[in-house]
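There are two complexes below, and they share chain A, which is joined by chain B in the first and by chain C in the second.
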Partner chain A sequence: MFSRWNWVACGFYLMLNICSPDASSGLVQSCGHIIPESPVLALGSNFTALCILNESCLDFGNIYASQIIWKIKNKVVPKEQYREINRTVSSVTFNDTSSLATPLTCNILADGQIEQNIYGITVTVGLAPEKPRNLSCIVHQRSRFTYVMTCTWNPGRHTFLDTQFRLRYSWPEEIFPDCVPKDVNNSCTVTDIQFFVNTEIWVEASNALGKAESDHLVVDPIDIVKPLSPQNVSVSSEVVPTVLKLFWENWISDAVMTLKFNIRYRIVGDANWMEVPSEDTASPRTSFIVQGLRPYTEYVFSIRCMKEDGEGYWSDWSEEKTGITPEDQPSKGPPIWRIIDTSHSPASWTVHLIWKALKPFEANGVILQYEVTVRDKSSLSSPVKKYNVTSTNYTLQLQEGTYEVTLIARNSVGASPPSVLLIPASNSKAPVKNLRTLPKHDKLWVGWTAPNSYVLKYVVEWCLVSSSSDCVIEWQIAPGDVQGIDLEGIKPFKCYLITVYPLYADGQGSGQSVKAYLKQDRPSKGPTVQTKKVGKAEAVLTWNHLTVEEQNGFIRNYTILYKTIDGNETVVTVDPSKTEYTLSSLTSDTLYTVRMMASTDNGSRTGPDFTFTTQKFGKGEIEAIVVPVCLAFLLMVLLGVLFCFNKRDLIKKHIWPIVPDPSKSNIAQWSPQVPAKHNFNSKDQMYPEGSFTDVSVVEIEADDKKSFSEQDLKPFDLLKKEKSTSEGHSSGIGGSSCMSSPRQSVSDSDEGETTQNTSSTVQYSTVVLNGYRDQTPLHVFSRSESTQPLLDSEERSEDHSGGADSTPQRQQYFRQNGGQDETSTDRPCFERAKQITHANEGDLVGFVQLQISGQSSQPLGLGMEKNTQEPALSSVLQTCTEGQTVRPETVEENPLSVDEMPKSYLPQTVRQGGYMPQ
Partner chain B sequence: TGVVPFVALLLLQRRPVAGRALLVTGSGCPSHGLCMKREGWGHRGDGGGGGTQGTWGDTLLSSQLKCQGEPFSSESDKLCNPAGIVFPSFRVNRTSERKEVMVAMYKLFAFLNASLGNITRDQEELNPMAKELLERLHNTTKTTRGLISNLTCLLCKNYNIFQVDVRYGDSSKNKSAFKKKQQGCQVLRKYVQVIGQAARVLLPHLSPS
Partner chain C sequence: MAAADSPSAALRRDLCSRGIRLAGKMRADVVDLLDAYVEQQGLDASASVAAVEGVPLAAVERWDEQTGTQRLLQNLAAYRAFRALLAQMLEEQREQLGEADAGLGRALAALLLQVSAFAYHLEELLRLESRGIPGEEEGDEEEEDGPPPPPRLSLFEQKLRGLGVLRELAQWAVRSVRDLRQLAKPSPATGAA
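Showing the complex of A and B:
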């Protein structure tokens, strides 16, 4: 029990005493401390620290040095480095301080279990300063009387410590305040300097680990001055055109320091400086005459200075000042050349004289004008012509001959030496040989082999070859003793045409030309190929040459690349002069892709793909097939025609059957009123009754016919019997309806012409009868003016059928398969009557009566009403009856109108109208 | 006026001095290496051509008079007459030995250095806003110190003279403003006169022998 309380008390005590490293001045005291306190250690050295326990802790806490644990940060130092000096002191030793870190703590393991911190120190590891090296000083002049001295040095390695550098300087018996650098450790500026006194200068570096001192520099500050550059520089021209005089002011009095100078100058626009010989400016001065300059040239000058004896430093270059030398007369005549245009007439020349403006150093001033003198050498009596020109070209009209042209440039000072150009009548002299070119960096060298004769000079012409514009000629004159020049301003990838003319004292040689590139590239585009002709196994390809702008070099060859979709590519190389090529051995009916590549020395460029398909058949193959086929077809047609011709009767029988002639019917033969004019005999012969094999009747629907009652039909039938002959002439198709007048039909049948007219022009009409119950029906006649010719049979039926049959006949057409359902409700009311005409006309009356009586129990016109609409039926019947009733009256009331009616079925107006609604 | 600037004097001192070496009586020159470096120097060839221009001493005197106000501005000849002031005797001539010339010059500039110190202190008190004057005084004082430093080396190295007795004048510290001004301008005027004389005496001794 006691032991437990003892340890509790001990722990509390430790908490109060141990856990407060800086509690020495507080209420509680630390149980120990470390010696040395916050040491600064040299990197790599050894170090020993002692942890000393207080006696009070020993007594109360029962702790001893053997329980001490050393730690660096949180890492326990190996116990091999510990040493228990006595029961209160423990030491730790580090052979290399580089393994140290902050903090280094002394800890106790109370009762072998609880680790408590006793004390801790901060360890600083660094290096002693190195000796500053390379100390140098320079005195900068800030103004006329202000100088500062700046010294720089190499501070050496980094020390990891706070290291101070001091620049110290002194006289033999006087030491000045140190110069302490700010923010840097390698330079310092002293503002209080004195010339002509030897000054000792050195640098001291110091930190917690030591001090180092640089070598001492003993120097008179006047010997390390970098003066200000001369000021107020000015340039003035003198009378002599090749000199300029400079003036300036110095910042330093000669009493303090005498100076020497450097003068440099350059032409404006030229980056290269020239310098006045230093020995000419080695003495103190404030002006200098620069000689050997070019006339009328603007120069830039700049000056610098330093101590005359060479001690110290050059100043910076002064500000640049310019000056222009005076003008002088031109030093040489302008180079002149000519272009002769003989396009109008070989005997009459248009001579374009062209010359180059003199370069500034040749013109020596502003060229005011050129004087051109032309002398005809072929005629000594011809006067010399002079022209004053301000431009650099002049055009003359001269007759073919030999001329001497002299050119002089003139400025404000004088005239240039003359330039002479001989224009011979012909370039009959020897030309240059072996003309060639060679690129040299950005210049194109043109070389030639000189002719055997002495050449005064050469003229080299060149121009940029273009497909879109004319060749603009540039030219240059070369001395007669050279055999090559460099052409400048030549653009790469452009084609130039270069011509060289040798000029002799008495004439001119013909020009030799060559095309050249300064630099070649691959073409900018490839040729566009297309087919000119495609066959079964060959294709003719065509393309256009690339323009000179697109070539970018000399085209060495074209390459054609073609392939099928799934085949290998075939390559063909073609001469660059060609624009057409025939691909052979192609597969028929195959899609080919072809493209073309143009190549220069520096690469190739491929044009777009082009596809084509070879023919399936070769030339003539189709003709070889088609022609025999056609011939065979024609033969077959011919045979067919012949066959048909031979079998025409049989064909006619089936295709063109004989239409029965009503005139040959029994009734016609029976009727005494059959007009004699009708020659039925012929038809009887042509169409014997027995020849009708299959004749049917086509029925035209007319619903209103169904509305006729038996009573209505009886008198009509009787009338038809009485006038069967005349009424038979009335047309059943042309203009009759159920309300057609029998008289009208009779009158129509009287005239043979009528028959003829009817056959040519037939008028159809449709009769629409409206009436409902007791209302008066409205009769509407709608006429058709069809010019369709009637069948012969129709004409005849119109001519010969009876008047009572006129209505049903109007509704009948011949039709095959005549077995119609006669009971059909769509049948018109007189359908049975139609059958009589071709069945047995002798039974006509009885049949009609039977038909009507048979329908008494079943009203007519049921095709429309289907017996379910009795009122409508009765109305229809009434309408139909009324129509039948009225019609004879109309005939009687207006008999003349019937006679006067045209015999043909012309359109009938209401006024004429037998068809007025009633 | 015959006034030679300090700069000229400084330059003149740097001429190689060939003279009879005295016995070394001391333990060595102060900053021995520094003095040894001086030997062989001296290469001015124009003889101090700047002497014809405005001199520091002359300019300093003018500047000092300008700042003192009346009556010194108008009565400078009378008030600044240095006839009665204490000043080191400069009893050497062109034929004197170099050693004597150097010693005399050392005494002269040591006195002048002290006097300039007094004048500077007085003017800082009397004309604290006269920046230009004060700057000239500082520069002149420093130049004087440079002369003394060079002479010290010269005497030590060539003549083994390590100590020269110098008699200084009265201090103006507790004098009136007028006396301070008067004493200052008197010293400066005397200084201008003596400098010219010193330069003339020194020139023959600067030629390499």
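Showing the complex of A and C:
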């Protein structure tokens, strides 16, 4: 029971100790402490700390050193590092302080495993300062009387501790205040510097772990001065055009130190400085005359200074001041060249004199004018011509010859030496040899081999070759002793034409030219290829050369690449001079794709694809097929014709059956009036115009129907059928046969009764061909009153074969005889047919428009039909009959004709082509 | 010749050279300071000032007959006196003007340093001459034993005395240059002295 209360009291006591921040000095005393108190330790060293318990706490709380636990920042230190020195002291050892951290605490594990803190210390780990190295000092002049000394040094490694650096300096018998750097640890500036006394300077570095001192520097501050640069620099020109005088002021008095100087200068626009030799400016001064300058050139000057003996530092360069040297006369004549234009006529030259403006260092001033003098060397008597020019070119009109051109440049001071150019009548001298070029970075070197003769100088012409503009010539003169120059301003990937002329004392050599590139690239585009001609197995390709702007280099070759859709690509290399190439061994009727590639030394570029299809047949193949086929056809035709000719009789029999010639019949022979020979085909002879004079109409009894055979009636049946299908319309033939007027038709219908009366008889007519106007009539047709049927064979053949030919003749015939009905006969037949149809509309079913041709007397059939089937239509049918169809009305209305006709009812003698009823 | 080539001879020559340049600079600085001082103190540049007590006069008879050691001793005595006087002037200056005219104070301090430096040069030369250097304490003791310190001067008197010190220092600077040039010459007279 007592023990428990004892422990409680002990714990309360410890709590008081711990909770009291000022336990050691306050009312409550601490139960222990650590030795050393807040140490500063060297990094990497070993360290031992002791925790010492107070005796009073031992008695009161039963705590001992064996119960002590060391902790680093709440992390328990391994017990292997502990050592119990005695009952109240425990130590902890660290072999390397780098493992230490703050705080290091001493704790005790009281009863009940309650950990109580006894004491804690702050541990600082760092490094001692290193010896400062590389101490150096410089005295800067701030103003005329103010100098400050700035010393710098290498502070060495980082110490991790607060390290103080001090710059110390002293005289042997006087120590000055230390210079403590602010914010830095490697430099310090001293303001009270005294010259001419050796001053000892050093740096001290110190921290909690130690102190270090740099090497001592003993120096007279005057020997480490960097003075201010000279001020108020000015430049003035002198009479001599090659000198300028500089003035300046020094910041530092000679009493302090004497100075030496550096003077540098450059031409305005030139970045390169030149310096006056240092030995010329090694003494104190405030002015200097700079010599060897170019006339009329603006220079920039700058000066610096330092202690005369070389101890110390150079000042900064002064501000830059410029000055211009006076003008001088031009040092050389302008380079001159000419371009001769003989395009008008070879004997008359247009000479363009061109010269280059002198460079500033040659012109030595402003060129006011040029004097051009031209002397004709081929004619001593011709006067010397002088021209004053302000530009750099002049054009002369000269006759072909040898001239000497002299050029002088003038400025305000004087004239230049003359430049002489000899223009010979011809460039007959030896040219340069082996002209070649070589790119050199951004310049193009042009080289040549000199001719054997002595050359005064060379003229190198060059121009940018362009397809769109003229060659603008640039030129340059090279001395006669060189065999190559660098051309500047040459653009890469451009073609230049370079020409070199050697100039001799007594003439000029012909120019040698070469094309060159500074740098080549692959062409900017490829050639566009197309076909010129495509055959079965070959194709002629054409293309245009790339323009010089597109080439970007020398075209070394063209490459043609062609292939079928599914075939391998074939490559053909073509000479660059060609613009045409024939692809051979192609497959017929095949689609080819071709493209073309142009190559320079630096690459290639392919043009667009072009496709073409080879032909199916080669040249002449079609002709070789067609011509034999045609020949064979012709041969067959010929053979057929021959065959037909040979077999004509047989064929004729089949095609044209033999028609009996009535003229050769016995009747013909019987008629004494029939001539022995007559021509059936000669219709003109048969029916000369107006040969028909009379038509006699014979009424035939319709009752005599039986006298017609069945065959005779068939054709009419057919006709009837035809007409039934084309009702109301008359054919051309029918129309031409409608010779009667409507009025007549009406009258016909009105007189239908009469017709019926007359139609009961078969009408035969006899046509008597009287001579027209007292001419002897050839044919006489007379209507027969015979009822004897006609010859079957003759009628049929006449109906089919001869009808067409005789139709016009019959029309003529009707016109002549129907003269009073001219107006009505002009109207188309179908109109008349309509009128008729009007009148007999209900009876048109049986309408038949008969076309009876030939010399047969068709009224037989007609009358028969009218009489037997449709008598009402008889008049209509009569008007639509043709040829020798005879209308009774007409006959009745033309009594004259009837009267003139010989009214004979006997068969009439047919003189020619006629026939006689049997 | 051998002596001339010895380290001591080189050191002597260096000390002389440096001393000459220091004296020259001191002269230039004193001249500049005189103008500033006259203007600052409101004095007349042409004001006549009595000889400063305790400072040997720069002007001396038979100067060319003096030995090197004599020259050095006289110079050392003069510059030690100047050092004390300038320190006193600097103190008075600070008392009078405080920090109002720091420029004049800095110039006086710089001049004081130069005087000290020159005195150090002279001491080094005397050591090279193998001559003992008179101790300042002795002088002080003498001064302490001698007449009592002068009564405190009025402000104007202080200004006039300061002007006198600077003028005399300017004189001494010129003489010192000449003395050191004389010493720098490798004359047998110097060795005999």
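In this section, the second predicted complex is superposed on the first by the 535 of 918 C-alpha atoms of A that agree within 3 Å, B and C clash if a C-alpha of one lies under 4 Å from a C-alpha of the other, contacts with A are read in each partner's own complex, and residues count from 1 in each chain.
Everything that follows uses one rule, which is that a contact is a pair of C-beta atoms (placed from the backbone, for glycine too) under 8 Å apart; a residue touches a chain by one contact, two chains touch by 3 or more.
This is a predicted model, so every value here is computed, not measured.
Superposition of the two complexes onto chain A shows a clash between chain B and chain C.
Once chain A of one complex is fitted onto chain A of the other, the partner contacts of A:D183 are absent, as it touches neither chain B nor chain C. In the superposition on chain A, A:E174 makes contact with both chain B and chain C. Looking at the superposition, the partner that touches the larger set of chain A residues, chain B or chain C, turns out to be B.
Once the two complexes are laid over each other on the shared chain, residue contacts for A:A255 go to chain B and to chain C alike. In the superposed model, A:V218 lies in contact with chain B only, and not with chain C. Residue contacts after overlaying the shared chain place A:E80 against neither chain B nor chain C.
By the document's definition of touching, of the two partners only chain B reaches A:E200; chain C does not. Of the two partner chains placed by the overlay, only chain B lies in contact with A:D309; chain C stays clear of it.
When both complexes are aligned on chain A by C-alpha atoms, chain A residues 145, 171-174, 192, 194-198, 220, 253, 255-256 touch chain B in the first and chain C in the second.
Remark: chain A residues 145, 170-174, 192, 194-198, 200, 216, 218, 220, 253-256, 258, 309 touch chain B in the complex. By the touch rule above, chain A contacts chain C in their complex via residues 145, 171-174, 192, 194-198, 220, 222, 253, 255-257. Against chain A, the residues of chain B that register as touching in their complex are 5, 7-8, 10-11, 13-14, 29-31, 33-35, 37-38, 41, 43, 46, 48-51, 53, 55, 139, 142-143, 145-150, 152-153, 156.
Across the complex, chain C meets chain A through its residues 18-19, 21-22, 24-25, 27-29, 32, 106-107, 109-110, 113-114, 116-117, 120-121, 123-124.
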